[in-house]
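Order of writing sets the chain letters: A, B, C, D and E. Residues in each chain are counted from 1.
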Amino acid sequence: MFELILFSILNGLVYGLLLFMLSSGLTLIFSMMGVLNFAHASFYMLGAYFAFTMSGYIGFFPALIIAPIIAGLLGALVERYGLRHVHRYGHVAELIFTFGLAFLIEEVVQFFWGKQLQDYRVPEVLDFTFFEMFGNAFPAYKAFMLLVSIAIFVLLFAVLTRSRVGMIIQAAITHPNIVAMLGHNVPFIFMATFGVGSALAAIAGVIAGPVLGTGPAMAFELGTIVFVVVVFGGLGSLSGAFVASIMIGLIQTVAVALDVSVSDFFGLFGMSFSPDDFLVDVWTITLPQIAPIIPYLMLVLMLIFRPQGLMGKRES
Amino acid sequence: MTEPAIRLRDLRKNFGRTEIIRGVDLEIGKGTRHAIIGPNGAGKSTLFHLISGKYEPSGGQIFLHGEDISGKLPFEINRQGLSRSFQVTNIFPRMSVFENVRCGMLWSAGYRYAFWRLVDQLRDLTEESERILEEIGLADRRDIPAGVLTYAEQRALEIGITIAGGADVIMLDEPTAGMSRSETDQAVELIRRISEGKTLVMVEHDMGVVFDLADKISVLVYGELIATDTPERIRGNKAVQEAYLGTAEEAEEMADA
Amino acid sequence: ADTIKIGFIDPLSGPFAAVGQSGLKQFTFAADELVNKKGGVLGGTMLEVTGYDNQVSAKEALIQLKKAIGDGVKVIVQGNSSGVANALTDAVEKHNTRNPDQRILYLNYSAVDPALTNEKCNFWHFRFDANADMKMEALTDDIKARADIDKVYVIGQDYSFGKAVAAAAVDMLGKKRPDLEIVGNELHPIGKVKDFTPYVTKIKASGAKAVITGNWGADMVNLAKAANDIGLDVPFYTYYAAGNGITATLGAAGKGRIMLVTEGAANPAHTDAFRAYTTAYEAKYENENITQFRIINTVQMLARAIDKAGNTNVDDIARALEGMEFTTIAGDRVIMRASDHQLAMPIRIFVHTDENVEFDMDNSGFGLVEERAVPVSAVELPTTCKMKRPS
Amino acid sequence: MSVIATTGAATTRRATFRRLAVWLVSAAVLLILPQIFTSGLAVTVMNQMGIAIVFALSYNMMLGQGGMLSFGHAVYFGLGGFFAMHMIDWVDQQLFVFPIYLTPFMGGLFGLFMALVIGSFSTRRAGTVFAMISLGIGELVAALSLILVVFFGGEEGVSGDRTTGPGIFGFNFLQDIEVYYLIAVWVLVAVLFMYLFSRTPAGRMANAVRDNPERAEFVGYSQRTVRLISFCAAGFFAGIAGGLFAINYEILTEQNLNATTSGGVLLMAYIGGIGYFIGPIVGAVIFTLLQTVLSGYTDLWVLYVGLVFLATVLYVPTGLTGIMMMHVPAWRLGRLRSLVVPYLTMVIPVAMLFCGLVGLLEMFHYRNGAPTGEVEMTVFYVTVDFTSPLPWAVFTALTLAGGYLTRRLAPAVAASFQAATSYDAKGSSA
Amino acid sequence: MLEVRDLHAYYGKSHILQGVNFEIGDGEIVSLLGRNGVGRSTTAKAIMGDVPPNGSIVFKGEEIAGLKPHQIAQRGLGYVPENRDIFPALTARQNLLLGQKKAGKSGRWSMEDMFDLFPNLRERADVPGGVLSGGEQQMLTMCRTLMGDPDLVIVDEPTEGLAPRVVTQVGTLLEAIAARGISILLVEQKLAIALSISHRVYVMGHGRIVYEGTPDELRANEQIRREWLEV
């Protein structure tokens, strides 16, 4: 039992930090620029695919650098020629745009790489057991994932706390031309922010691709959960996103490990139920079963009781 | 004497530690036109927000026609016959001018949340709305989206919406802000007309307007009323000049500038 | 000459796209090579296979069914996910009773939930794959023989087929190995789990000596991946752990450890005809393999039935199929049982290895090598089906 | 609702009459459609359309009318559908007798009920908070539907037989065409009531709250209650759509409540134009056509839809209906004819561009998946060998030429449009 | 310092500025007077590049017409918008910080100076700008621009909604600013203050400059005042 918990926690951390890498980009784009960017996870997917194809020629580590850069540039283009254009039609338009973009990117990916899963593997150098305990191996690659995501957190945090970017963007959302007339190059800042955000997502993709599988559906699968992280953590709060990611990561993996059902729970209070009960489904719900739902439950509850999220300042 | 339209008893409001309204006692008699003046940041708008229910008082009570309305929600207070305008224009930009006014009277006309009757069938509404459009001089702009009106027109519409409900207590926050002299004069006339036989409370920095319209003036300084009196006496009041008007001749200058 | 439209209603996108796409290729190829190139049916009528994407969703499948019927499809083939199959078979029966004049035939080439040929059987549904119970019968015989396996973990996808496998395993092991303990019996959401590490960690902790799983498509790939990472090196008894990237993923780590129970042949090919067929197929699609032998039977037996019926009337074709005896391209004798429309066929147990594989999979050098064959007699099970035939 | 202009007291009678006409015509059209499109496929498609129309309109009651952006509207569609499906089953099992053709109403009531329950907390706030709650609820319900097998039937969903209940006019809904007429009636009724709702005090205030919730509070309305009412109404009609789905397909599964369906309805409404009452109708029709017909011709259809969609968002934010409405002033000024020629000149280059692009895409796509040895394929009914440079060259040329000409001619066309509509032509949305 | 020649500007089709000409010398306070809607704010916006200008705008000897707003600002031109355009989400202090062109680099004016000028702001430094009183917001916009250390400030109706007392205060402030060698273009309609502090005045009407002179001359000129200004 102990090793089960221990490893579940380790895996939880890995997954959580991965979520964070993905959400950190969205924190910039969604909670600062206020763009409900549904295409965010699509850049995560692009990262994975680019890296998969590149690593064939230039190897994994160069790809780890270049793929995100390309994705970032694409992101910048999207902002420059897409978002900036629809921005004046309001938030719904922006959202719809990214929504359609997500669809399109998925299609384009299938167009070039096909519909099946790609055989994107962990690089040889990292394909060994980092350490072993109670016969359970902990792959080096996961250790690597931990490392990278923490590095990103530190870096991003440093940048955001030291620069005025956050403030400028916030002001520019409502009064772009006033900010411009104070001497700030608003369009560029927006473009850059979106680019960086996309690049961050791409890094997550490069790294997660080999573990979570690289296929056309990968964007859609993580598309909503990143919103959960950002909103749950609190709009505009990087640390919030960090905590939220870890929480969700842990809860989801540990939940899988614990085989308890609703009836067991009530059993504690000496209640029992008959198998032909009309509510039988409710009684037999097990923790592993609902593991995937828990984040959304957390989200809804949070929004009802604390709309500004875990560490957020404003509501929306 | 009869119950005043609005009575404030030791009203207080603080945001965090900072006290903004520091114990205001005030009675505004039925049918009077009452102006509240005072330095910037004195708390005039906040006072409005408290009375109209946008903010909840931190202390004291507010009575509307003798009924305690402290802590009630804006729409509840509005339903009791108090209607207000805003310092920054606050309309329904995407709806037509006509609809803006009609929305102002739907509730008080008793249609509430009805989803079983059609607004176009409600002649009384249509006619009344059009009368008000005439009143505020926007009849010719009837069907264009309110968002595209000019600033002055939007200020007028702001007033239109406010009075549409036929409330008997009307509160206007800087109704003539940003208007030119001529526009201001029209606004004053409008306000005079619509406030006939009603209770009017307004905040205004344009002394011309204030002394022109008000039967009574209260001076608010740092969250406290330092005087409530007739225009003439206020003009003469030393403390008021100190805190607000500045020296007499300055005041003159401002008034006719 | 005119054609007979065959509607292939299976996932062509999503986590099971790979399985569906390769299924479609195998059908088209079989139809061309074994029927059309030989002059078609009814002396010149060609078989035309068209794909309809059902995204492994019952609802989408019925929408596609309506479309297919609108397109004038006479025969539908489907196999991916019994969930869909259960919906389809009902829909087909309904449609045929409501529209006697434009009936359709449903050939199930892979959905192996036993119910389909038992309580849910109907006249227009034929299954060309051995059902989950038959396969479990063969599989558990193996475990029975291995005394060292005293703890088994059953994991599967949370839908009818997964449940069927689990039920069969528990029931049969209980009979054949009362001493054996089932240390885990778990269902996970189908096609949604990306990282199976938590599950594998759990299996590891349970101290299981063997794993039984019906997982297929991405769910099998990812399960194998996690198992390799964590180093869970116990025997896996599987239904579908081969091809479409799974073999490649298993690689050396799975050698001699992964068992697979299925019909048909792989290595050896048994007949030159099958050897030639496989070679031709892999020459045409470099990265594809014959992963579903049963597809060949389906196509050949359909063609045979149409000729036997002498017309394209669905009821006649169905009658012709009932009780049809047939020798597969790999030389097995099979019979379409009239009682429940379940093909009675021998079953084989294969092992994942790279030794003497003539036809590897995923170009990985690894492939399936036959361990032993279980004769029809050993796996023929009774049915509860009460077939209602149109008069 | 700009399409049927808001009326002043004076013109009311004539306007009401014109409206009446609109409805009668629509009814007539619905009646004769199946006589024109008789194929089995056509009927299937039209049924799907009808359902989509009701669903999309119900969605716009929130987004367009009430300014509430929901990512979980499928929940009410699905739940309504499931409930109707169960009704059908119960009737089938003779638990009680109930006319099948009324089950959509029951579906609606169930949708309404769920909307009331969920709306009671989700409509407390608007904006992002509401959007995110709806997202969460959507995912929750979808996931739960796989767990609570008794009601949702797990992966396989719930299915039943629509034909067993008491029929009407001898209809027992054996054939899809009978179902078509049922759906047609329901669509007409639902659309009518949704339109009328937008004209009621509650409907008007929904607009007001959308525009400026704070102000609405100061004219006596609780923004929350106003939103809740629209929300429930939307839930009700979504439920009806779900009920129709249940009758038409006789099955409901997790897919009916999941994010994909919720997203789909958002796209439909938006492509059509959320600023106009008929917008979602247009969107639903177009979307369904693409989905069913186009998908029959190419498996790149989603790619094309995606492109069309993005183009719409970028260049006609008011949606397809917006394009039509842009021409109303020209029409009022009787200058529509002056646009014919400029538009025609556009047709050729645009067509070239289109053919070129599609050609290239299709060939590339086919080359990717083509089995070894096969080099033949057909684009636009011509068979080409995609290994030879010729077709590539041709299509590339088409694309470039078309693109160039389009760019060249566009300003002229734009100009003549300006001329034709030279007074502020913004389709004001209510 | 600034020289505007034959400046035209449009909103859509409507031709708002129809050839505006004027200039401002170093450390000069110049007022631009006129009725509502004659185009004074538009002139200001056109100079800042917020409304596309055609014509010539020479600032410190450099043609700036056609540059982007932020480039113009970077060249030392400051603009105080009308109707209190503060950033509601940011605190008063943050609003001021955004005034600086480079983070942390303050020129002639420091944050402290601002707070000394308007003590209200110091008290409210950390509340969101959106909840500041109308007057406080007005002061904030002014200070925010000064933080950017401009050489020429265009001030659009700075006394709007200010208590009479503060209005005089603003007047003094403007003179103080000019004293530090900063030129000021004051867009006003309240004659009193404009006349009291400015060196020269321009009167605008229908998108053109219709009068130029000193305050005294204007005071004297009844006819212009009646025709182009409201008294």
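What we mean here is this: a contact is a pair of C-beta atoms (placed from the backbone, for glycine too) under 8 Å apart; a residue touches a chain by one contact, two chains touch by 3 or more.
Chains and their UniProt names: B = Arabinose import ATP-binding protein AraG; D = Leucine/isoleucine/valine transporter permease subunit.
Every value quoted in this text rests on a predicted model; they were computed, and no experiment measured them.
Asker: Which chains does chain B share as contact partners with chain C?
Answerer: Common neighbours, chain B/chain C: D.
Asker: I need the common contact partners of chain A and chain B, sorted by label.
Answerer: Output, common partners of chain A and chain B: D, E.
Asker: Average the CA atoms of each chain to get its centre, and name the chain whose centre is farthest from that of chain E.
Answerer: C
Asker: With chain centres defined as C-alpha means, what is the inter-centre distance between chain C and chain E in Å?
Answerer: 79
Asker: Determine the centre-to-centre distance between chain B and chain D, using the mean Cα coordinates as centres, and give it in whole Å.
Answerer: 45
Asker: For chain A versus chain E, what separation do you get between their C-alpha means, in angstrom?
Answerer: Computed value for the inter-centroid distance: 46 Å.
Asker: Between chain A and chain D, what's the gap in Å when you average each chain's C-alpha atoms?
Answerer: The computed centroid separation for chain A versus chain D comes out at 30 Å.
Asker: Going by the touch rule set out above, which residues of chain D reach two or more other chains?
Answerer: none
Asker: Mark out which residues of chain B touch at least two other chains, giving numbers and ranges.
Answerer: Chain B, residues with two or more chain partners: not present.
Asker: If you look at chain C, which of its residues touch at least two other chains?
Answerer: Expected reply: 12, 158, 189.
Asker: Using the touch rule from the top of the page, what pairs of chains touch, sorted by label?
Answerer: A-C, A-D, A-E, B-D, B-E, C-D
Asker: Which part of chain D faces chain A closely enough to touch in the complex?
Answerer: 63, 69, 121, 124-125, 127-129, 131-133, 135-137, 139-140, 143-144, 147-151, 259, 263, 266-267, 270, 274, 300, 302-303, 305-307, 309-310, 313-314, 317, 361, 364-365, 368-369
Asker: Please give the residue numbers of chain D that touch chain C in the complex, ascending.
Answerer: 39-44, 48, 146, 154-157, 159, 161, 163, 174-176, 249-256, 292, 296, 299, 371-373
Asker: Sort out for me which residues of chain B touch chain D in the complex.
Answerer: Touch residues, chain B against chain D: 52, 54, 73-75, 78-79, 83-84, 86, 90-96, 98-99, 102-108, 111-120, 123, 126-127, 130, 142-145, 161, 164-165.
Asker: Under the touch definition given earlier, write down the residues of chain A that touch chain C in their complex.
Answerer: Touch list, chain A to chain C: 1, 3-4, 7-8, 11, 15, 110, 115-117, 119, 129, 132, 135-137, 139, 211-213, 215-218, 221, 253, 256-257, 288-289, 292.
Asker: Show me the residue ranges of chain C that touch chain D in the complex, using the header's touch definition.
Answerer: 12, 25, 55, 57-60, 62-63, 66-67, 69-71, 81, 83, 86-87, 90-91, 94, 98-99, 158-160, 189-190, 283-286
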